[in-house]
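So that you can tell them apart, the chains are marked A, B, C, D and E in the order they are listed, and the count of residues begins at 1 in each.
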Amino acid sequence: MIMHRKSPEDQPRIGVYVCHCGVNIAAKVDVEHVRDFAASLPGVVVSRDYKFACSDPGQELIQKDIREHDLNRIVVASCSPQLHERTFRRTCADAGLSPFFFQMANIREHVSWVTVDPGAATTKARALVAAAVRRVARAEALALRQVPVRPEVLVVGGGIAGIHSALTLANAGKKVFLVEREPTIGGHMAQLDKTFPTMDCSACILTPKMSDVKNHPNITMWTYSEVDEVSGFTGNFKVKVRRKARYIKEELCVGCGDCVDACVMKKEKVQVPDEFNVGLSKRKAVYMPFPQATPACMVIDPKQCLQLMKGKCAQTCVDACERAAVDFDQTDEIVEIDVGAIVMATGFRPFDAKRIPEYGYGRFDHVYTTLEVERLVNASGPTGGEVVLRDGTVPKTVGVIHCVGSRDRRHNAYCSKVCCMAALKMAHLVKERTGAEVFDFYVDMRTPSKGYEEFYDQVLSEGVQFIRGRVAEVTDWAMTPEEEGKLVIRVEDTLIGVARRVPVDMVILAVGLEPQVDTAEMQRRFNISCSQEGFFLERHPKLAPVSTFTDGIFLAGACQGPKDIPEVVAQAGAAAAEALALVDRGHVDIEPNTAWIEEEACSGCKTCIPLCPFNAITRDEEKAIAVVNDAMCKGCGTCVAACPSGAAQQNMFTDEQIYEEIEGVLAYV
Amino acid sequence: MAQRTPRMSNLHITRRIKYQNELDLGFGKVMTSIPGAEDLLRCIQCGTCSSTCPLSIYMDHTPRKIIAMTRAGFKDEVLSSATIWLCASCYSCTVDCPKKIKITDVMYALKRKAIEEKVWPRGLPIPVLAKEFFASVLRTGRANEGRTVAKVWLKTRPLKLLANMGLGLRLMARGRMSMKSERMTGSVDQLRKILDSVHNSDTGHSPG
Amino acid sequence: MSKDTPLPSAEGFEPRIVAFFCNWCTYTASDLAGTSRMQYAPNTRVIRVMCSGRIDPRFVLQTLREGADGVLLGGCRPGDCHYQSGNYKCLRRFKLLKRYLAQMGVENERVRLEWIAASEGDRVQKVTNEMVEQIRKLGHCRLEQIPRPETEPAAETHDLEQVGAGGMI
Amino acid sequence: MSKPKAGFYWCASCGGCEESVVDLAEDILGVVEAIDFVFFPVAMDFKREDVEAMEDGEMTVCFINGAIRSSEQREMAELLRRKSQVLIAYGSCSYQGGIPGLANLCSREEIFKFVYHDSPSTDNPQGTRPQVRFDAPEGELELPSLDKEVKSLDQVVEVDYYIPGCAPPTALLKAAVEALLSGDMPPKGSVIAPDTALCDDCPRIDTKPAEPLITEFKRPWQIQIDHEKCLLAQGLLCLGPATRGGCDHACIDGNMPCSGCMGPVSRVRDQGAAIISALGSLLNHDDPDEIDKALDGIPDPAGTFYRYGIPHSTLYARCGITAGNGES
Amino acid sequence: MKYLYYPGCSLKGSGRSYEESLLASFKKLGVEMHELPDWNCCGATAYMAVDEMKAFALAARNLALAERYGDGEPVTLVAPCNACYLALMKVQKYMAEYDEVGRTISDALASADLSYRGGVRVRQSLDVLLNDVGLDLLAEKINHPLGQWKVACYYGCQAVRPFAPFDDEYNPMSMDHLMRSIGAEPVDWPLKARCCGGTLTGTIPTVGLRLSYIILREAIDRGANVVATACPLCQFNLECYQSQMGREYGEDLDMPIVYYSQLLGQALGIDDRSLGLQRHFVPLTAAAAVG
């Protein structure tokens, strides 16, 4: 229920609290001065400064003042409302004051952190406080809306992050939909051979979890599927999932592989690079990404299959399948589901090493990425675990290059966090498998987690040669006879201070982690934000690392930023817990910042009706006026701004409140 | 070069230490105010510049070290270093640096500082070359390579001039060099005005 | 009312700019500028609205009337609006409003619409500094000089694509 | 009981407001019967001295139409304010500046220059301009001086009520007179007219689609106007959605779009901005170029959206003129 | 197609044959080149080291003249010499990016009643040939394909670094494409954009010579029988010091070093003299016979 109450009868009695935030604010803004200034503003009864307003004593202070001074309006001048508005609203509510009689002035993010001159910062803080005081005087008593929450959760992405989130939620008894774009779940972890630092076999620890997902009664797993559309809001999302045509009936296929053997694409040159093996092997049109793929079900690539492309093929696969699972008539299917919360676990994309042409990837056959070598050293990989080069030889010298695409302002300025360890792992594995002389070119060695430094120590003791220096170039330009036919790595050995040329047989590029290509598209579809580097943006890096700015949507894994498996799993658990906390409560409180239309003032001009993005406005034909359905209104205020009669109004953002704010920010000298 | 067995007598044992008061700690910061050198302090000492530089193998300090020394206030060492004069402005380092530091510009700035403080290696014809070049431009608006080079050699290494006479004559014979200067079609006054204006501006990056 | 606000003297003139930022993108971006400690001119005061679609031309006029020297409107990039298309509505009103403002002698640079995504803290910094600089050059917004010589209703050049592109020189 | 005394005076006006009184037709007799006109320069031969001779507050009511631009108009407004108990701004010019207010888009000098020199019909070889003082054979003559800008009545004196319209609908005048006579007046400062926008009682509202209905703006002469269909939906700039009703949709009935003479409704601060917002929102283009192209169809936004209210507009009101004491 | 042309000092001196062959080829291709009237020295490399602002000022004056020449129309200024190209690009960019440079240079120009507002597009001649003239038109106009040449395309540093938008800074290909289009065979080699030593050949010859030699050596090793350059300084270093290099490293070096435009001219059927081939020390013809 919303009460449309005009300003209450009683005069505003306002309390103002100017927060120091330790020194975050106080070092720039003269908080005492702002406090005194606030005290002089009309309606202000109490004005204080305080070290940490959001701390318990800070909140208690406010509550005490509310009771003792009979305050009916509160202004806290501190950080961004995005951070602590809820905290202080709760403070007010707990002291018996409607939470909507609270107003925040952002003097940290918008003032102390961005202003050089303390005088100017103080002036700006005063303006914002003045505006907040004037605005809060116009605040109205509103009630939170309570909306029931659906108990189901959607997990998008079936890497280790998505798998772990889904299992946690399912084990807590919630129904989970897991939507994975590829034909199988598993993500990048499935492609890894061993995992640092303990070097357990990736498949051994991942495969059981994958089959748990498949078999869990609470999990609906849709692979080869994508989310097309998301609407609704926290607790009540409506999601359209596109289940792409596999051309194989999932319920019939047992993954025996007879169809693959039968497929007409016998010759390698008509086959296509195998995605799972990062192009190191080829596959046919009908395939299963890898033996433990989950579900163990084939898929037919429509961009490859002759029948699907040209409508002409002997269809040997159809004949081969005893279970008659091949079905060329399948089409994409759209399923609509309702969920209460969403966990995004869409992972990362490895940096494309071609973007650093000086390293010769794609130009020289013997330059590989770490991910490719993961497949090379893997017993079920394209070479059966043998480290052999594209020309069939075994490398005798190998160079591993760090920071490829990372810590590089021309590409990604950030550190990819896992590649130092991945490079060390490669150095170790390659040395172990081939006995080659391994050179490791690093800029800074970053091994800060549990057991990581110990791993570095081990690799050092194994005799890998570490050269501190960022490689300038991998070239086939030989200066000496020994360099002929080799790849020469040009680098400055910065610890010794000389330029070196190191000839090697094989180069391994430790590529960084990048946001998925379609992150921007996903951001739009799910209405969440991205940070500068393109990963999904968390609500707060420390205090809300798995929440987004859109309520009800949480983040897990490498889609939020580069991280390794232990961290991914920890975060996936956290995201599941947050989602659980939401759906388990059964309802959510929704801000009542909805629009409403003053009946007598509305001329029924129909201006507002087509503007509402959520079709919340309809025309009451009898009264010949417009009416807002506040369950559908999300409070954008577009109709309010457009109404030429001033009949449409928005709770919490009334014209008067904004006019007060305008006058407030300008009355500051 | 064959490695000689070290003997106590030819082991050079020197004591090396840099005292804080010998440094110019603000030097790096000062340099960042020069257009192109603004990112100097961001260097992570990765050495890409040194390894891509075709000349680093001749340098007394690699470009990376020059950046480190500049930042750390080793002003005297930097300005008297041969490195800055060996830089051929090929811009390899500038395009390769992962921190987008415009090292070539830093090298230019250091050269200018060295000239300003009169600490360039004696006998190095570069400043003279630039001066002659400037004179030529002021006279005709254009550079005459032949004349300029001849004059430089005359002033710095007269013997060299003789040695290169042959080349000069061959070039002249092929119409590729002339002692007669090309000139701008208009008057050089306008050009002078422009240069005077720069000269009188307060950029602080013109040694004047 | 701010009628008591003394006008800053001509020298040492510091423009006063009111910014209306949408909650989801531009306000978040300005928070990000804060958390990233990007320093910029202190002349703007941000008023948060849920969507750039809430920005009523009346706010802009009222802001100028109250003595502001510039108004900055900020919304999500085209296609990124949290409410689907509020930013387009804002753009259309803005374009019409600018034509009127031009007739009233309000210089083009004083009222500006920018699309700034949540991740673009640096654009908040850049746009603010740029605008402060431009308005410093123009000086105080002296509407009291109306009537002015006729101004051509200047065509608005603020195109969706161009926003942020930042023309050369 | 003596009849209440009333005055009716014109300032910068076209005469239309007087016509509207005449339009009362036979009702005028009733008015004259109930009220004693003591000052009505258009109709009766009273002089300024007669007014000056009155006691302060002697007139019960005085209607002033027309905007204020000259010294004489200002003096008369002040005089009549003193002499009357209730002062009513009659008509758009008096209410918000009206058509004369558009002159504020140009400077006084520009106006003089055009009128006395440049206009095609001017023949003024000596370049003579009117002077405030002029030595004629008959002696020194004095003319009123022209103010720097046009103001609404309430920007010069306090106004009690407003009757909007260009010219005001007779029904409103009648209603005002009746209310006055019965003593049942609304709160001071009110606009005596309905407080909903014109669309409310527009006969075409049902034909107005609830969708972004504008793709281009057209002038009435450019199209064959449909008699039934919402004019806005036909691409004509109808200001009805942002304009107070009470005009009995006269223009609409004449197949002409509303040009906004009744001013905004009470909750709207600025009529022009309101219509800018509404029309901008309803424009059916997302592409910036398309938007611009459509907007080119409004060559004079200030004159179009503020045709009757430049002096009262939000922006203009910053020009140092008091905002007026009225609703808006 | 019409362009404004900035020759720079070298193309009037040691690099004359570059100008001769380029203008002749452009003419044959129907491209009009108008020499920028009253141009002055671009202020390149040597000058930057002594007084950067003045170097910028010199370059900027040319841009200002070009902009004025355009009279409001967009102008493309073609600078075939790498050093000039870089100097012009650099001042343009720095004027826009650094307030201080922008201000000082604008003031300096203003003192001589000039101004520069960023309206000139500076381009390397290779860029124009590849992207405006286009390989298709070239293919049409070629009447003497040069099958005998295995060309090491040598771009030098400053054509592709650090500002050039038209080609890859590590492995540039535009000249390679051009050579292929005239029937020659470009060799694949890694030193296309490595530094030739620039002015070091004159100032610190031991180093300069070695840099040039490394390039020459690699070109030979990769099977080239001619080196094509895009820069008068590179051409000078590689050709004029060849005998010195030979002495220094005890080798018989006899590699013709020409401008790509000279090969292009030949393929277009222009006679050798008009292409300035007689100006070279190592004759092209001789090597062709060998090759």
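Everything below uses one rule, namely that a residue touches a chain if its C-beta (ideal position, glycine included) is under 8 Å from a C-beta of that chain, and two chains touch if they have at least 3 such contacts.
Everything quoted here is computed from the prediction, not taken from an experiment.
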item: Steps in the shortest chain-to-chain touch route ending at chain D and beginning at chain C; value: 1
item: Intersection of contact partners for chain B and chain D; value: A
item: Interchain contact steps from chain D to chain E (minimum; 1 if touching); value: 2
item: Remotest chain, chain E as reference, centres from CA atoms; value: D
item: Centrality ranking, top chain (CA atoms only); value: C
item: Two chains sharing the most contacts, counting C-beta pairs only; value: B-E
item: Whole-Å separation of chain centres (CA-atom averages), chain A against chain E; value: 48
item: Whole-Å gap between the CA centroids of chain A and chain C; value: 31
item: Inter-chain centre distance, chain A versus chain D - centres from mean C-alpha coordinates, in Å; value: 58
item: Multi-partner residues of chain B (each touching 2 or more other chains); value: 92
item: Per-residue overlap in chain C, given as positions that touch at least 2 other chains; value: 56-58, 62, 67, 85, 89, 93
item: Of all residues in chain A, the ones touching two or more other chains; value: 358, 611, 638, 641-642
item: Of chain A, residues touching chain C in the complex; value: 80-82, 106, 108-111, 113-117, 120-121, 123-124, 127-128, 131, 523-524, 527, 529-532, 534, 537, 549, 593, 611, 613-614, 634-638, 640-642, 650, 653, 655, 658-659, 661-663, 665-669
item: Contact footprint of chain B on chain E as seen in their complex; value: 9-10, 12-17, 37-41, 43, 45-54, 56-58, 60-61, 86, 94, 97-98, 100-101, 104-105, 107-114, 157-158, 161-162, 169, 194-195, 197-200, 202-204, 207, 211, 240, 278-281
item: Sites on chain D touched by chain C in the complex; value: 104-108, 110, 149, 268-270, 272-274, 276-277, 279-281, 283, 285-289, 291-292, 295-296, 298-302, 305, 313-320
item: Contact set on chain A toward chain B in their complex; value: 358, 403, 407-410, 443-444, 468-473, 490-494, 497-500
item: Contact footprint of chain E on chain B as seen in their complex; value: 35-36, 54-55, 58, 85-86, 88-92, 94-95, 102, 104, 108-109, 111-112, 115, 124-127, 129-131, 133-134, 137, 141-146, 149, 152, 167, 170-171, 174-178, 182, 184-186, 188, 190-191, 193-199, 201, 203, 205-208
